[in-house]
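Below is the structure I would like to discuss, written out as structure tokens.
As written, the chain order gives the labels A, B, C and D, with residue 1 at the start of each chain.
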Amino acid sequence: MPNDYSLQELMAIVLARDLKDGEVLRVGVAMPVVEAAVRLAHLRHGPNMELIFLGARMNVAHLYSLPMPAFGWDRRVVRWAESYSDTGHRFERLKDWHNHVFFIGGVQVDPYGNTNLIGVGPDYHQLRFRGPGSVGTPTLSTHVGRYYIVLNSHTPRIFVERCDYISSYGWGTGGADARRRVGLPGGGPKYCVTPLCVMDFADDTKRLRLHSLHAGVSEAEVRAQTGFALQTSTPIATTEPPSAEELHTLRTRVDPTGFLRR
Amino acid sequence: MPNDYSLQELMAIVLARDLKDGEVLRVGVAMPVVEAAVRLAHLRHGPNMELIFLGARMNVAHLYSLPMPAFGWDRRVVRWAESYSDTGHRFERLKDWHNHVFFIGGVQVDPYGNTNLIGVGPDYHQLRFRGPGSVGTPTLSTHVGRYYIVLNSHTPRIFVERCDYISSYGWGTGGADARRRVGLPGGGPKYCVTPLCVMDFADDTKRLRLHSLHAGVSEAEVRAQTGFALQTSTPIATTEPPSAEELHTLRTRVDPTGFLRR
Amino acid sequence: MAYEKGFCVNGTERQPRIIDEVEAASWVQNGMTLAVGSPAPMALLRHLIRRGVKDLTVIDSGLSLDLLIAAGCVRKVVSYYAGGGFGVPVAPSFRRAVERGEIEVWECEEGILTTGLQAAAQALPFLPWRGGVGTSLPEVNPDLKVFLDPLNGETLLAVPPLKPDVTLLHAAAADAYGNVQHLGGPGWIDLFLYRAADRTVVQVERVIANEEIRANPWATTIAGADAIVRAPYGSLSLSQLSVYFRLCLPSLSLSQLSVYL
Amino acid sequence: MAYEKGFCVNGTERQPRIIDEVEAASWVQNGMTLAVGSPAPMALLRHLIRRGVKDLTVIDSGLSLDLLIAAGCVRKVVSYYAGGGFGVPVAPSFRRAVERGEIEVWECEEGILTTGLQAAAQALPFLPWRGGVGTSLPEVNPDLKVFLDPLNGETLLAVPPLKPDVTLLHAAAADAYGNVQHLGGPGWIDLFLYRAADRTVVQVERVIANEEIRANPWATTIAGADAIVRAPYGSLSLSQLSVYFRLCLPSLSLSQLSVYL
């Protein structure tokens, strides 16, 4: 039974384990894995967490379950909210965001966790692929205590040596002081979680490093799917599989319709 | 009967005549003459005026009367308001303030209509008289389309050659471009109204100039009570006395308890 | 000299600000900067598109933006997000038009956008923002200038004022004089769009009495829209139903609404 | 592994934030920067004064400020207005203490004050403001630096962050978890004081159920006060009655309130 889980379930559980009680978790649009992760953490060990979906801020650890999916644009979330703030007013108290956590995707990710939502192509005025735009990620990634890069696929097109454009500054050109050098108060990206593995950032270089392989994935496979040289921590761990308890709470209370198994 | 009016009634009527329909009138604390003026103008010829008392914004031309006095700190005004904004949020739409009008007092006023609410004495750290502080007048006087200096007394202690401190920049050191030089978008002070006279600012120098004497006041008396040389427009007019209509509306609908006659 | 109810002594009276959607759409001229709120004011946008307005600079996101681009109204997009949520990662007309070089992009993000709108609203030549420091934003958008703050020398972006000529919004209710009250909170960045704009038109589900506004002046979210347009269900064609019920219908309580949610 | 109502899987539960006024007052230590809202949180201020706190830098105006000065708690005042309205042009203790050189003044005005508070709240090293350009404010307050804006070279004031260590407020209602809802609008600059502060204590007329907060999440004005203190009629001793009824009593409608106005 614990072997019978989907990659999206695994990713949600991996993320949930790393979230701490009392943190404020900011979830963007169209990230069902992240939604599941924060709700799982909230139910399991985070009674003082605050979950923010599109400005609706809630604490729902006392509720057995909520509809899933997908908060994204779905403003029904306000039904459970304790407060609401629109986009502009969301940035009124950035000084407290050291306690906030955020999750980001990207059309490109470079070895230092810089991410790109703008587009792909060498000429900005003639993009080969136009991305959706930065939403609020430059401000979020600047101020939150830490964030996670979460991707639905792991390919050399996403993991590139150099982003054509950087919309969120992760660890810049590397080094432990990379963010302090440009004056960004937030703690930067901590993990990058994909369907193949979990990566962290080496303490000194802040370059992406293979942290753990999901069960059944080989190091060679990850390397083949990554467009730059990846450091490894030796020995490479296997991502700890979901426990029966984790899966039980996820499936009964967070994702009873099995959205993450589709 | 038209001769039987108080100086405060006259001042209110003089101010009311100069206010235009459609303007937004911002009234500060403890200015009963100004409160009467804006309400009189509103009832007589300003159905599209907006009156703002301490953040409560109203249009009450359709009401026969309101309690008087005194709005000042009295937040009962919210009973008539159409909207309310607190101090900080009051400054969210300064770009539209070219249509706003404001009224200011001061412990000192200089020949160029600069005013002082900070205090009196050459050494800021050892003031002879500590004033109440600038409230919001520096921002208001910077942005409103025009403002009026309104004083309850006219003495050489108030009208000084040089303010010890300037809390609101009127016409600086003079000249038609005095405000443009420092980059203030608002139109500056237009009239100074006191119990003795009405003063305006000469077009070229923007120095205070005797515009009209209230009935029974001599030019010599004004000069004796003003601590700097006052230009005059020749011939010096007499302030047009209240009409029977103006007094009727003022006394029946704005100030039925006779507050301005005390 | 007699007191006439509702009239000033000089015989004038307060002017209502209700216009129809055709007149409102005529406020938007070719080449203007147009800001569009959320939920989308579809009754107004429909007439804009019918009039064939061209060369707009548009501050908007999501599907209403995409519709304006598809209709050929847009020359430039002030873009912080042009996606459609789950299943529509990038709005299709936006993507096609940008990739073909048919429209320009003023690249930004939410914090920079609201900062620029606030600078316009507060008559400031710029406001500083930190989000975006270190990114490509100031490279691809030269209007964003990197500078050192005058007190501590920290690196920040100087954001210029973003000033819509016209802002179009949808809300629950307003009186005839431009006092707007939302049900629930105002959407997205609507209040910022209002404060920064030269003129704002709000289409509403219902026009209510001025006395109803006065009954709760603290609920007034926009005090002085330049025009009000009657548009019951006027945003339904594009919004998700759930957004619609939350923000737009004024006469139901939250518990009544929950039936629909 | 079983589901326990109100508890997380690991057996923990959400911590309430209700404390009493004695504990709340202990949050304010000698030498701190204290911000005080309006209507004045008298239940909290009373205990501060009893404790004999010293050397505070105080952001406040009006009579509660004067009371703190009279009680000897204040070393410095961030002053935009220290008057008492009609009949009290200058608050008497403030005036005496400044003229005697017993307290310092950080001279400012409303726009500069809210700008400084916003800079603190947004983690910016400064924010620009135009009100005050040309005046003596930057001379008598050297923390306000005149500078030229980096885009157009216009003259502005750079306002540094104003960051209260503790903000004390009074409001109508809150739940046990720090969600505060005002009746009517929040007073004066209370929301700015909250956003800028390290910690905020709100004394309230009534503690209400979390479900009541959820019934209207848009009415939540402060989402996450650090502590809530029960203080029915806790501002009445200083405020005017009319202010009191407008802002503080949570259970009456405006029409009911009007009996008192």
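Here is the rule we use: contacts are C-beta pairs under 8 Å (C-beta built on N, C-alpha and C of every residue); 3 or more make two chains touch, one makes a residue touch a chain.
These figures come from a predicted structure and were not determined experimentally.
Chain centre most remote from that of chain D: A (centre = mean of CA atoms). Centre to centre, using the average C-alpha position, chain A and chain B are separated by 58 Å. With centres taken as mean Cα positions, chain D sits 36 Å from chain A.
Note: centroid distance chain C to chain D, computed from Cα atoms, is 31 Å. Looking at chain C, one finds that residues 118, 123, 129-130, 154, 184-185, 218, 254 touch two or more other chains. Residue positions of chain B touching 2 or more other chains: 78-79, 84-85, 91, 143, 185. Pairs of chains in mutual contact: A-C, A-D, B-C, B-D, C-D.
Touching chain D in their complex are the following residues of chain A: 21, 42-48, 50, 56-57, 59, 61-62, 64, 78, 80-85, 91-95, 97, 143, 185, 245, 248-249, 253. If you check the complex, the residues on chain C that touch chain B are 1, 3, 5-10, 12-15, 118, 120-123, 163, 175, 177, 179, 195-196, 210, 213-214, 217-218, 220, 223-224. Note for the complex: chain D touches chain C at residues 123-130, 145, 147, 149-152, 154, 156, 158, 160, 184-185, 215-216, 218, 254-255. Only residues 29-30, 32, 55, 69-70, 72-76, 78-79, 84-88, 90-91, 118-119, 124-143, 165-169, 172, 182-185 of chain B touch chain D when the two sit together in their complex. Every residue of chain C that touches chain A in the complex is listed here, in rising order: 61, 79-83, 85-87, 89-91, 94-95, 98-99, 101, 107-112, 114, 117-118, 129-137, 139-140, 154-155, 184-192, 240, 242-243, 246-247, 254, 258, 261.
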